[in-house]
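I've put the structures underneath this note.
Here come two complexes built around subunit A, the first alongside subunit B, the second alongside subunit C.
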Partner chain A sequence: MDDLKDVILEYVIEEYGDEDDKITCETPLISGGLVDSFSMVSLKRFLEVKYKISITDEDASPEAFDSVNKIADLVRRFIS
Partner chain B sequence: MSYSERTRGVYQQQLNDIREAGLFKQERFIHSPQAADIEVEFPSGAALKKVINVCANNYLGLSSHPEVVRAAHEGLDKRGYGMSSVRFICGTQDIHRELEKVVSEYLGTEDTILFPSCMDANAGVFEAILIKEDIMISDRLVHASIVDGMRLCSAEHDTYKHGDMDHLEKKLQQFQDKRLRVIINDGVYSMDGDTAKLDEIVRLAEAYDALVFVDESHASGFIGKTGRGTHEKCGVVGKMDIITTTFGKALGGASGGCVSGRNEIVEMCRQRARPYLFSNAMAPVIISGVLKAFEILKRSTELRDKLEENARYWRKGLTEAGFILKKGDTPIVPVMLFNAKLSQDFSRDLYGEGIYAIGFFFPVVAKGQARIRTQLSAGHEKHHLDKALAAFIKIGKKYQILGKTEEEIIAMYGL
Partner chain C sequence: MSNIGSYEERVKNFDWSIAEKELGYKKGQVINIGWYCSDRICEMGKGENLALLWENAIGEEKRYTYNDIRVYSNTIGAFLRSLGLKNEDRVCLFMDRIPELYIGLVGILKIGAIAQPLFSAFGDESLFVRLENAGASAIITQRKHALKVRKIIDRLPNLKHIIIVDHDVKKELKEREIAFSMEAERIDALEIFPTKAESPSLLHYTSGTTGLPKGVQHVHYSLISQYLTAKWVLDITEDDIYWCTADPGWVTGTSYGIIAPWALGVTQCVLDSGFSAEAWYRFIQKYRVTVWYSAPTAIRSLMKAGDQIVRQFDLSCLRHLISVGEPLNPEAVVWSKKVFGLAFHDSYWQTETGSIMIANFPGMKIKPGSMGKIFPGIYGTVVNAQTFEPVNDPGVIGLIAFRPGWPAMMRTYWKNEATYKGKFKNGWYLPGDRARIDNDGYFWFIGRDDDIINTAGHLVSPFEVESALLEHPAVAESAVVSKPDEINMEVVKAFVTLKPGFEVSEELELDIMNFIRKKLSSLAMPQEVEYIDSLPKTRSGKIMRRVLHAKEWGEEIGDISTLENE
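Here is the complex of A and B:
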């Protein structure tokens, strides 16, 4: 696992997880009912501040934020 | 006409998708007034069936209360049927303002403004009082109408874990640079039946200079010693900055809602809240009924006391029978079944036994948290509850879930 995924996974577990949740990089977050898309705004804000990027609303879709792997892919696009 | 076959097909496909996902909602036609005993036509065209209703928001049994009905008749005779106007043109009667004052006095607030519904109140209030330099911090389980209201507002938003005060505090610390902070909660959470910790929330609001918003739709009239709401239960009457509530549940059950709170906030809504500015005034007949409902509640706590006793009796009966309930002390008592199909089968079988209760599952509640949500009423007598309890036990035995743990039920039926 690379650093980016590590950072995102750690934030997701801290911000959205409960004690019983076993969240991995593949866990479907929104479609799996773990997080609602409305609450994903804090993750988007966190990523924008940490990586000094601006993710457009169009790109911040529920599909793009549905797992740590997908979020990492999205962030990479904006960093590069 | 541009409603072509292609266009029709687009919608038919969407409706089919909803059906295939098991999310298609079918209405049941009730042929009687709303009450504990109702007559239902379901499915459409079927013979009428007498059933006991344990899923209405008719918490105090006022929906068909003779005094409320009589007052509504009198209001109709004295003030007419409709206003044919929004409030600020020529839609405000003396009784509209009278109700606003009655609500303020009842809730312990400075002023109140009526809306056509609490949905409209929640949709309009944030946009009316906040700008993009502000932050709205909401509990993750607030009602959908609040989420819609926040989406319509230019202020930033964030959420905190349900009922988690440490998480809320972190968010308040994070947003100290904002012009205004608003902490947003339901008083009673309608799917779980638990209550907001308003005393702790007020403490945090005072420490971090934040406004407190609470939706009391499932609380006004019966939560707290005299029924004023969750703020009374938590000992913080007078400290709520914004309360929204409905007249469509305990307070007569017809329709209408309000924003009640600080003078300036109410006045901002009167000037800027779009659902208020662009919707007709509440009909005089409803205003008259709601005024009577408040009069009944101020006269005695008999109805909310009976409701409390009914809820206690119901919880005790279900718990002793071996059902798993969501913890709480409100008249919302969720019977946990976890599996979506089981919740639907259970509801259908209850109906067969003459008990009307609905199963809820994802996305209305979290995945794996399917349930039958039961709601008590002061209109329920012991014989209603005993019959409903017997039906729950009979169906519970059929599905072999009595006395089983969550893990065991999930092992039998899956998530």
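Here is the complex of A and C:
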């Protein structure tokens, strides 16, 4: 796993998980109900602050935020 | 032909006894919602009909017949009784949309206890103030939510039992916790508590502008209007597959997500997962949903997902669509007609009214953007905000007002009779919304008459968020208002001043957002935090939220003669 995924996964576990959740990079976050559409805003803000990027509303879709893998792909697009 | 038939004829010949007769209820007799939602359907010979089709995020399915609902609610009721719980004790339901939530409500009502459903996304502080106010004796929850209960249990001496429905035997139960499995035993017979029309049934908590959340108390007689409105507005029949997307932590999820459909003997579906357009369309297709009761935020999110995805599914099963929670914008009505071949019918009511008050009825001409017409048997209008006399000129904006007396009307705010009485003026019940009525009798929503924020159909109290913000170590003062949002209609925005030693930063903004999300809920989390040097206040020191609100909405600020700095 790369550093980017590590950082995002750690944040997701810390902020949205609980002791029973076994969250991995593939775990469905939005469709799985772990992160709702309101909480997605704080997750987006974390990414923007951490990586000094600005994610457009069009790109911040529930599908693009549905797993750590997908989020990492999205972030890479903005930092490249 | 719809259930309601001619709206005009129903208005002319209306009497609530229509519902009483259909339900076999006579004044003065026992009326218990739990019995009506399960035993009665079985006694009608429909015990093997499907009551609940349930699916979760990972595709696990469960199916329950009405006989299952009957025996499992008996099991829950008997278990609660074994703990010493009795009629009028408050029992909180704090779960995701799992079957125990739906069937648990039926079980609680069967023993005459008062059900207190709470949204499972609430943080520990939101949970605490509601449990404390209700004086709840027990809470039924899942182990993941029990973690929040553990944080506040020391401050809740009345909370004697924390019932965990999915306990992991490998883990230790903590103070006052007890494991319970609904399906471990099928109890065939349970003595139903003989509740009467005015016996309390539910406590739903709703946000207040200037105080703590209020417990809206309903009674078993509310069934009468929930049953008839579901029949005439939602148009559900026994042959339907019905999907109400609301969470039972909120009133729509109980009135029309448990009570009404099961009292009507319909098969209903529940999807316990997060939102995605694909998952929702797949769900409708899979279960052949015919009647779909949803909310504008969800509909706008589906619109955003596009038309192409709709065409990937066979949604020809749908026959009637209804919306509630916030005003449904005209574009959403037009869009649903285009992609589903069916227009969403907007409806209007609130926690306090207990059942639908204004609606676009089946078969009636829909005016996109309108709330529709008043439900037969309810007398409502708009009144002048100063005199509380009806506004007689069509098109003039006033306060929505209803003459009290319909069956599902709240009976009080729990332990807060003064606030309850304050909701009535000149003999009218005032829900706190502004509207106008056109020449044809259609209501058109204008906005709230107070500072309450309606985000995705859920009410958030600025006071509650401001109070929580002050507990953040960096925040000196706070003011919370709504700001416009394309999908959710409104979202929460916070203005804060910082304590000495703290500096403005994006990291701090994120920290404040997450602080509120965990303490209250994701709904209450400010989606934007703006730092300012000082908040606008009156000379007496009261924060003038309306100045900040006007700024966010691009409106005229109005009279600022009392502003401190002017």
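In the analysis below, the second predicted complex is superposed on the first by the 80 of 80 C-alpha atoms of A that agree within 3 Å, B and C clash if a C-alpha of one lies under 4 Å from a C-alpha of the other, contacts with A are read in each partner's own complex, and residues count from 1 in each chain.
Assume a contact is a pair of C-beta atoms (placed from the backbone, for glycine too) under 8 Å apart; a residue touches a chain by one contact, two chains touch by 3 or more.
Note that this is a predicted model, so its numbers are computed, not measured.
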Checklist outcome for this item: Between subunit B and subunit C, the one with more contact residues on subunit A is chain C
Checklist entry - Looking at the overlay, what does A:49 touch: subunit B (first), subunit C (second), both, or neither? => result second
Next on the checklist: A:41 in the overlay: touching subunit B, subunit C, both, or neither? Say first, second, both or neither.
Outcome noted: both
Checklist entry - Does subunit B (first) or subunit C (second) touch A:32, or do both, or does neither? => result both
Item to check | Footprint overlap on subunit A, comparing subunit B with subunit C | outcome: 18, 32-34, 36, 38-39, 41-42, 45
Next on the checklist: So in the complex, the part of subunit C that touches subunit A is made up of which residues?
Outcome noted: 57-58, 96, 121, 143-144, 147, 168, 272-276, 279, 301, 304, 455-456, 487-488, 491, 506-507, 509-510, 513-514, 517, 522-523, 525, 527
Next on the checklist: Help me check something: in the complex, which residues belonging to subunit B touch subunit A?
Outcome noted: 140, 147, 150-151, 156-159, 161, 362-363, 366-368
Checklist outcome for this item: subunit A residues touching subunit B in their complex are 18, 32-34, 36, 38-39, 41-42, 45
Checklist entry - Contact residues on subunit A for subunit C in the complex? => result 15, 18-21, 28-39, 41-42, 45-46, 48-49, 61-63, 66
